[in-house]
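In what follows, subunit A forms one complex with subunit B and a second complex with subunit C.
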Partner chain A sequence: MALLEKPEVAPVKNRKIRAQSRWGLALVNGWLIFFAIISVIPMLWLILAPSKTDPQVTHRNPLSFGSFHGYVKAWKNLQFFDGGVIGQWVINSVMYTAAIVVIGTITASLAGFVISASKIRFKRTFLISTLIMMLVPPVALVIPLFVEMDKVSLIDNPWSVILISSLYPFGAFLSYIYYTTTIPPELYESARLDGCNDIKLYTKIALPLSWPLISLLAFFAFIGNWANYFMPYIFLPSSQNYTLPLGLGFLFYSTPAINPGVGATSVPILKPEIALAGVLVAVPIMIVFMVSQKRLVRGMLAGSIKS
Partner chain B sequence: MRQHLKRKYSLIAAAAALVIGGTMVSPIAAQAAKPSILIWVDAPRLPGAQLYAKIMAPTVNVKVELHAQGDLLAKVQLFNRIKKGWPDVVFGPPNDVAVLNNPLINDAMALDSLLPASTWKAFGNGNNWCKGADGKTYCIKNDLAQTVLWYNTALFKQFGYTVPTKMSELFAIGADLAKNHPGYSLGALGDQAANSSYFWPSQCPLNAAKSSTRVVINSHDPHCTRVTKALQPLIDAKVYDPRSPFDAGFIKDVGQAGKLVANIGPSWYGDFVLRPASSYAVKAGEWTAAPMPIWDGEKVNYSGEYGGGIYTVSPHSKFPKEAVAFAMFMVGDKRNLVTVTNPDGSHGAPTFPAYGPGNKLWAAKVNADTFWASSPYPAMAAQANKVFPGEKPVRYDTNGAWGAAFSPALAKDGNLQGALDAYATYISNLAQQLGYEVSKS
Partner chain C sequence: MARVKKYKQRKTLMIVMLAPYLLLLLFLGVVPLIMAFFEIPAKSLTNPNGGFDAFWIVLHDFRFATAAKHVGGFMLIFVPLMIVFVIGMALMLDVNNSKWKKYLRLAYIIPASVSGAVAVLMWYVILEPTLSPFKMVLRFFGIKEATQIWQTQNLVYILAIMAFFAMAGNWILIQYGSLQSISTEIVEAARVDGCTGLQLALRIKLPLIKKYVIYMGVLVFAGGLQIFVEPQLLTTSVYNGIANAWSFDQLSYSLAFTTGDFGGASALSIMLLVPSLIGALLVIFKTDMFDEAKTPGKKLQGEG
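So, the complex of A and B:
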């Protein structure tokens, strides 16, 4: 009997565990779906708002669709602001961010490699200063950076933003961790024995093994700088040099769409136009994230398992 | 012979150098003599400023830049740090004159000597706002945002009302609306509209700066309490709405529903709040404006102001005359006031020019507008010199404080005196933080 009873205990226990795990799974999934909805609804609203007229944005169902003509009209109305400067803001955002991503990624990767693999002196000092740089908020450096940029005559010049934003201590630290944990030091030693100097070590050994890292660095550089408001705000006073996020803030402030206190204005920028400008800021981040998702996960997990 | 040739060639070379040098130098000298000014304006002023740059191109290099008004102080402080970069002339909100004239900022110059006395006289009282405690003029007022009584002639006729000339008559209309026409409204109070429409014209001392270091703030002054006592029953009766006049709900429930009977509001209220399809969308031919009703026992039917921008000129400007000339173009030239084409297809300056002669040019534009039941211009003109002068520019953000302290308090329980007290406490703290001595009288 006892022998017969024993096997029955296990299925009951298993069923219990399965039931518990089903509940747990449902709870986790429910929680995730809840947050997904919370995140997706504002994005949907933003994408749908330019399809409507201003009164429709306020009075109709927030997730209703107006017409495709609404997007065209909102875009045309945006062109009225400062002679269509928004087109220039799009170009500026793309150019500045591309330059920052390229320069920042290359320098961060090089810095991380040097700190981890080269035989230069004061490597530990460089590493600690990188960590300290990560902790200093950019706002604390406004005045010294502004004075510095003035000394080199770069105020109201895009290079002020590009150069400062290309300083990428987080990237350098990430690269250091990657090169330290992923590439065995013996590999460098062998290469050195074969006559490789530091430059060859980087180009022939480290770089070919670090494409996941490079994508990760480029991704974070893009995310951090595409939406950067502060640096362009400080260093680029002319609206012709603005980036999209800065221009969006400028539109918010200068038109009665969101700031009714502006009152009298003859610029036809209302909520649909502001929403369309918001879409222009948000969509590239979404696209980049979706395109690079797989590569990013691979990059983040690189070196974490033996195989 | 060789010596002679050498001397000859030397002379030719010297002459050539002189000729070339002369031709090279003279345009540079001419270029250096051509004044250059940098102008910062907001979006509505941009078409006029760009037109000015075009007109002046042969004689003055004019660079026009859009700027967000809230950023001005931060940017001027950075420019002060590197001792360059200041715009020569800036268009900004009314309080900028106090903010920029602060000795710590020092970015507003006295303009008295840059224009003849006759020009200053032509402003009438329109430029009083720009006078500092030292009697000097630190800005040029672009436009007046004086309050008038906007009213719906059709509803007035339907309900049998006459245009009120006294505040008590307006409040009697409010009482009648509550009793006989529930749902109809005399407007919304939940932002600085409460000040510009009621407290300021009633001479309530809320930002009564007596000098650059002393301000009177007293929400329990009889000039304030007569407003709160008169309006509170009408707020309770829902004739006045505690929301902002720009609140989407108020726009839908009252403005667009045709429930607004009258509304004390600034001179720009008609074109930019009542009329637009995206705003109250009132019907054509129904609305016009009347002069402000007078408070009982007063001799003058004062207005308040909701906005009314100014031009300030930087003391760091190398060409202050050219900077002032630009401001005068904006307030007095027909090409900006009437002709210039705006992005929405309209023409001319959007708001009531503060400068008398410019104002007369602009009047024709308003008088020709057939949208109104009758031209609102006479009412605007009647109030132009009647903005109560007790309210003065101060270095703190008075308008932001209405949104931060008054509106939430009024929305919470609809208690007007309580909301005014909350505002007074808020700005008293702000004023003290900025070095003002705050007193109640």
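So, the complex of A and C:
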């Protein structure tokens, strides 16, 4: 009862507190808006830059719009680079990311399911090693991974990047948490009594109940790999195998657009073209982030907040 | 007997389902770690006799001390900036009750889609007075040419700010999420007791999300230590030579792929792995972030 009575008193005091800190609150809100504007401006520049010509990018207002034709022209100009290799980069980026998302999601979800639904030995060892792999950045293992991939002749083969990036300990951990907290073991038991084997248990019971998990896994796999520069940089030296981010770096290197060290070339790759390549890398990620920000928070805090 | 057979069959099926992930974990997680140790004593030009002298040789490489200075300076700015700013922003966002809060969150997440190559392009533009959407700010500081800023000695600050913007937005949202786990009763009770907004934030909310702050700290630290892409791209593709072997990972890359000294590169990798491992173990065993994994199957013990 005492707890119930408190709110009756609270509003009076709250009003007082709110009145006192009105200025503080205005300051806080002002700062929040200021930082939001700062956050948006660079991306706005990037999206608007390809609509303009190169001189316009330099001389006009940085946040002005040129024309829609500008995007078409910038894309056409990009085709002059190395026989239109940018098309290949787009295809590579889509293919590698899709493969990683599919393999990573399936293997992680299966692993999480098995660990949560079975009584296999070394469960704890398995989970702890998964957690360690999850918290150690993948870059840390790149030299030994290179030596390993070299031994199995997978250097300059897209499968090196696909396989390395498909190891998805964070996904396996998320799946484990999801299955243990949402599916009661009794459900598995009764299905087993009805003659379900464990593969059916996964396909008929766990999977249909875990679409929120699958979308979470696919989301994290996508944002982690679409813009990844590092792995392809180490493992895929030929430009035919590049992904878009790697190709973007190659454009910096080989055109005078933003590299003062490169002399004039006949290829029409200037700032609008470079910006368009940047848009192709950044905008898909931005859209995915914006539509699934709840997934980001839910995934990163999984296992510790029980809602 | 039939029961035992069925149990064995079940176990086999489970192992078959676990196998794809297990194989990846084994061959791309455990095996490379073991290989790194075996690679260290390999003979190379810098370590002609081979053996574990590789560690000494790397530590005495003149570039190691410089890289340590750079990465150390970078971390000293980046890690505290991230933690203080992100927590501050999350706490402020938590106070804001307006209906446009969701638009703020959308705005904060945008810079997170700019990383690696695009981040280099973006910061090239931001710090270039002829192009920058923040021209006024550059002018205010008397910057007329980008080369005034793009100097090797300034990279510690520039790269810290780049990394900060690439990561802050995500973490603001995540920590804001962690604040939502605090029960409204606690907040209300503190208010009734006369807590001001600031006291509420620092004395009540902050201690309650401590473990998430540690979690973030470890991930931010481990990620920062391995900085590679931005300085490497800058030095090879934009301002040639500005950041050669600037970071540990660049040095490791240069040892392996320029000098062919895989022993030295592996030794350096292992040295860098140690702090990340310690951080990981700290989060796993010293916080209750992953209790679910430490006591697996607690809920399933009744299962047969």
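Here is the rule we go by: the second predicted complex is superposed on the first by the 246 of 307 C-alpha atoms of A that agree within 3 Å, B and C clash if a C-alpha of one lies under 4 Å from a C-alpha of the other, contacts with A are read in each partner's own complex, and residues count from 1 in each chain.
Methods note: contacts are C-beta pairs under 8 Å (C-beta built on N, C-alpha and C of every residue); 3 or more make two chains touch, one makes a residue touch a chain.
These numbers come from a predicted model, not from an experiment.
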item: Subunit B versus subunit C as contact partner of A:182, first or second or both or neither; value: neither
item: Which of subunit B and subunit C A:146 touches, first, second, both or neither; value: both
item: First (subunit B), second (subunit C), both or neither touched by A:58; value: both
item: First (subunit B), second (subunit C), both or neither touched by A:249; value: both
item: First, second, both or neither for A:128, with subunit B first and subunit C second; value: second
item: Partner with the higher number of touched subunit A residues, subunit C or subunit B; value: C
item: First, second, both or neither for A:80, with subunit B first and subunit C second; value: first
item: Subunit B versus subunit C as contact partner of A:267, first or second or both or neither; value: first
item: Touched partner set for A:157, first subunit B, second subunit C, both or neither; value: neither
item: Subunit C-contacting residues of subunit A that also contact subunit B; value: 58, 142-143, 146-147, 233-234, 249-250, 253, 260-261
item: Interface residues, subunit A side, partner subunit C - complex; value: 3, 6-7, 9-10, 13-14, 17, 20-21, 24-25, 28-29, 31-33, 35-37, 39-46, 57-58, 62-63, 103, 106-108, 110-111, 113-120, 123-124, 126-137, 139-148, 163-164, 166-169, 172-173, 176-177, 180, 185, 188-189, 197-199, 202, 227-230, 233-234, 245-246, 248-250, 252-253, 258-261, 271, 274-275, 278, 281-283, 285-286, 289-290, 293, 296-298, 300-301, 303-305, 307
item: Of subunit B, residues touching subunit A in the complex; value: 42-44, 46-47, 65-71, 75, 78, 81-82, 84-85, 143, 145, 191-192, 244, 246, 248, 251-252, 256, 266, 268, 271-273, 277-278, 281, 306-307, 342-344, 346, 350-351, 399, 403
item: Residue ranges of subunit C in contact with subunit A within the complex; value: 9-11, 13-18, 20-22, 24-25, 27-33, 35-36, 39, 89, 92-93, 95-96, 98, 103-118, 120-122, 124-126, 130-135, 165, 169-170, 173-174, 176-178, 181, 185, 188-189, 191-192, 194, 196-198, 211-212, 218-219, 222-223, 225-226, 228-229, 232-233, 236-240, 249, 252-253, 256, 262, 265-266, 268-269, 272-273, 276-277, 279-281, 283-284, 288-297, 299-300, 302-304
item: Residue ranges of subunit A in contact with subunit B within the complex; value: 53-55, 58-59, 80-82, 85, 142-143, 146-147, 150, 155, 233-234, 237-239, 249-250, 253-256, 260-261, 263-270
